[in-house]
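Note that the chains take the letters A, B, C and D in the order they are written out, and that residue 1 is the start of every chain.
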Amino acid sequence: MSENKIVSAADAPGSTAPATTNELVTAVIAREIRDGDLAFVGVGTNGRAFTLAVGIPLTAVRLAQMLHAPSAAVYWGNLLEPDLSSVPADLKQDSFTRWQAAASPSDTGVKCDMLARRAFDVCFDSAAQVDRFGNLNITAIGDYRKPKVRLVGCLAQPEHFAFVPRPIVVVDLDRRVFVEKVDFITSVGHLHGGRSREEAGLQPGGPHLVVTDKAILDFEPESKLMRIRSLHPGVTLEEVLDRLSFRPVVPDSIPTTPLPTERELDLIRRVIDPNRVLLRV
Amino acid sequence: MSENKIVSAADAPGSTAPATTNELVTAVIAREIRDGDLAFVGVGTNGRAFTLAVGIPLTAVRLAQMLHAPSAAVYWGNLLEPDLSSVPADLKQDSFTRWQAAASPSDTGVKCDMLARRAFDVCFDSAAQVDRFGNLNITAIGDYRKPKVRLVGCLAQPEHFAFVPRPIVVVDLDRRVFVEKVDFITSVGHLHGGRSREEAGLQPGGPHLVVTDKAILDFEPESKLMRIRSLHPGVTLEEVLDRLSFRPVVPDSIPTTPLPTERELDLIRRVIDPNRVLLRV
Amino acid sequence: MKEKLVSLEDALAPVTSGSTIAIGGSLLRRQPNAAIRSLIRRGVTDLTVQTWAATTATDMLAAAGALRRYEGIYTGMFSYGLAPNFRRAVESGAIEVRDFSETAMVARFRAATQGLAFLPIKTLLGSDIADKNPEQIRPFSCPFTGEKLQAVAAATSDFTIVHGYVGDKYGNVQWPIVRDSDDIDQMIASAGKRVIVTVEKIIPHEEIKKRPTLTYIPGNWVEAIVEVPYGAHPVSVDAMYDEDDAHLTDYLERSRSAAGAAAYLDEYARAIPSHSAYIAKVGGLSALNRLDVQPNELNHV
Amino acid sequence: MKEKLVSLEDALAPVTSGSTIAIGGSLLRRQPNAAIRSLIRRGVTDLTVQTWAATTATDMLAAAGALRRYEGIYTGMFSYGLAPNFRRAVESGAIEVRDFSETAMVARFRAATQGLAFLPIKTLLGSDIADKNPEQIRPFSCPFTGEKLQAVAAATSDFTIVHGYVGDKYGNVQWPIVRDSDDIDQMIASAGKRVIVTVEKIIPHEEIKKRPTLTYIPGNWVEAIVEVPYGAHPVSVDAMYDEDDAHLTDYLERSRSAAGAAAYLDEYARAIPSHSAYIAKVGGLSALNRLDVQPNELNHV
């Protein structure tokens, strides 16, 4: 994310500095969180992938908790409703072990069952490939049997798209990521568009929003094709189209992604992530 | 059990007194327990029903542990491998809570799954009705919809007969109990005899032995009809037939149930159940 | 987090006649008796209940004529014998009974927990349990082996009522480290659509957060939580208090006739305005404290 | 009870080339790395593995060329990125991969635990996970609703290898009260035919018996138990020690080439006669003690 200024804890932006792209999308996501929502946040890896999968989602849910959704909660890793007011300062195991939470079910099946019985409202997903119908691939690039790039597998991403009503995809805009058709459908989004998802036997749902560093996208209700919802401040339509290897639905008029409010920026910078652990890169 | 002298702790029989019927059948069952066996023992109710369902089985497994099956174990109530050297002295809840054991799985499904994957070797079952093919009824006497006597239901008795290789039925001999056909098949024994059990889809197994206060019975291998295996000392064939409402298989020569050895009696009386808690009535 | 701490009456207000309720507890442990007395007091009737090893809660509902249908693995009084009121009602044909074995009932709760309409078992092949209930137990073939299996229908209910040890105002319920187990309550709660929990004691959320692995019912699953000390009386809460032998004996004695049981319910449920009045009626906390068991050094309740 | 405490080598002796093994641990927690190094040392190969979130154990087997087939939900290095050796082997076509999502893999282990050939899910409708694996994921219809479902085949294996916290000589394994969870290990152990457990520490049976609810793998399920301090190194045992960042970084650095990874395994697995030699090799207990975390006051390990 080239223009996302990387700042250290020492020079965290004051409340008057303009919003970074991470802050911008965090505020957009926060507004999608409703009071009472249970959000599934994955455990992520490191670097930028951590920011996308963990940092932005946790910051957004915490922001929503503080502003309009006090009873919104997350299931993070093994922790149901971890205390988002004290996110661990590092990723070492013992920091996770000591993170206080409402519950830490001993059997991972508890979380799987909650997914399958549709107990979650929102989830966050990154992927190596996203196609125009919002199908995701985190399994393999190229031929599945002898792939060009073997990725991590599946985790619970198929469950997210099968069972969570409002999945939010969080990825950076890139032609290699946004492909016409994913090489391997790990998570079934809107499948082949139209009613194909329901015809495959899945319940209504599928990806709801695609949050990127350049634009926010959603899906056209009938065709289920990816559609541009808003462009981030200073980003042109051409820049966005250039970073997609398929043609999305382009509305006649596209609004600009609303900037975070001063209050939102202040909470993110001063209260939620003062050490820039979550929105570091 | 009329001739089973009820003794208080104060006058527990000395090692030279003749064996009671409870002691006799306990020794018979103990010899059925093999080293390494895992036995399912139910939680029972009170009085004579407790002796049959809990007292005799626990004493028998402990006796087997001390003599020839040191690694035999029981799953009792919620406890996997409770310490049989210190059986609680009463049936109050806190005595169960404090009974030490190797494991006490928090989810009752753990025990159900162990049954279904055939992790048990032996189990003990009492019933209100037992028929000539060893089917059991603990659900209802008379019409299921408007029964003459509503009993407790099912518990895990269907599982015992479906999944445990060597179930042992422990009941007192009584015409009302040993019926031609049970009013309700709670637990499928040898069903209608012959190969009917396997034809219904059940795996080989079903009741192995029927231990009563008058005789030991088993099942004829081909017909699966109940068969007299031995008569307790002093009991005549007529007495036994008189207490069955069907004609069992009667071999030409029927041995006498072997008496407990002096060592067995001594262990039961002096070490395992010195206060006559398990074999009280 | 959302505060869910309410009064017993408010928690149970949505439970109306005709509801299907799953009831927690096993044998003489953690029957949600205070909640059941409250339902009886309000005259809720025509209930379908789903239970594990049921004792007092189900028997009192039967005595009150509030049970239309029963689905479970056992109803009795454990070491006290058969359940007199349930037995009388079933024998009179007043309660529609569907029996299930333990793996079958576990499969039913698990199916609801997993968002599935059924789960497979092979326990009840050839049994009258299946024969009498084709509506909820259906034969089918294994898609891999072709072997005979049975599909048991998910145990879906309108409300789930359990009694737990300690919890916080957000509905997070924890168990002691050393306890009896046989814990169907987590399974029943996970299967529930609207879960109402009574607990012995409300403790600060700060205490809950320190040991999240002891939370067996997360607040996220819970609609309402109520503090009801001795809420399982006259049965026990393991690690906290024992069953009340004298009270249970009296209950059973009076339950030898329908009229006696009705008089018992008049006295201990219908004429009692609240759980605190019930506590006063049975002798007050000083009498109940005598049922307390010694705390285990490992526990923190 | 039967004594099951043996040496690592004796415990693993039955595991031969061509076996199917289920491997416990999740991400950088409780990977049974000491056991895996022992299998590599002995030259066991042609393995099929079944895993949850796999990291070092599976990646080392891949580096050793010991993996024929893999079935699991994830293989990577968690916060360290992709799993280099596994990735290289899969990309070369050397490992047959079958991917499963979390509910699918849970259903597979549960099916084995429940003695069933399959369990139903509805997660993978329309996905390539199902499309590429008709052998283990089959469509069928719900016997009640007729809705589309998928049957996933039971995860049956020859051996199950997990690394636990503490246990007794009879194979009873307990977890700490405050720990990380995501605990697939109980599920994997319950699904296993022959379960081999390594633990950080053997403690007296008398200690186990005092808190039976903390036993997550009962000795009854276990074939062999082995005391292997720091047996998960270079990953962590939550509540006991953290991952070894320097060692993991070195492993990943050397794993940038197949030759580098082979040299790593020569040095840390093949040329090492025992786990105690491994401990000496990585700097001895004094070096490993530096990874220890502060004990939690609530724990008793």
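The criterion applied here is as follows: contacts are C-beta pairs under 8 Å (C-beta built on N, C-alpha and C of every residue); 3 or more make two chains touch, one makes a residue touch a chain.
Just so you know, these numbers come straight off a predicted model, no measurement behind them.
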| item | value |
| --- | --- |
| Far-end chain from subunit A, centres as C-alpha averages | B |
| Chain pair with the higher count of C-beta pairs in contact (A-C, A-D) | A-D |
| Centre-of-Cα separation between subunit D and subunit C, whole angstrom | 38 |
| Centroid distance [mean C-alpha coordinates] between subunit C and subunit B, Å | 29 |
| Interchain centroid distance [CA atoms averaged], subunit A/subunit C, Å | 40 |
| Junction residues of subunit B - those touching two or more other chains | 104-106, 113, 116, 163 |
| Multi-partner residues of subunit D (at least 2 other chains) | 110, 114-116, 122, 147, 178-179, 181, 210, 212-213 |
| Contacting chain pairs - touch in the sense defined above | A-C, A-D, B-C, B-D, C-D |
| Contact set on subunit C toward subunit B in their complex | 26-29, 52-53, 72-82, 86-87, 90-93, 97, 99-104, 106, 110, 121-129, 131-132, 147-148, 175, 178-184, 186-187, 216, 236, 238-239, 242-243, 245, 293-294, 296 |
| Subunit C-facing residues of subunit B, complex | 43-46, 50, 77-78, 91-94, 96-98, 104-109, 111-113, 115-116, 139-140, 144-159, 162-163, 184-188, 191, 196-197, 200-202 |
| In the complex, subunit B residues that touch subunit D | 36, 38, 70-71, 73, 79-81, 83, 100-106, 110, 113, 116-119, 163 |
| Subunit D residues touching subunit B - in the complex, by the definition given at the top | 1-2, 110, 112-116, 170, 172, 190, 205, 208-210, 212-213, 215, 218-221 |
| Contact footprint of subunit C on subunit D as seen in their complex | 114-120, 122, 138, 140, 142-145, 147, 149, 151, 153, 177-179, 181, 210-214, 298, 300 |
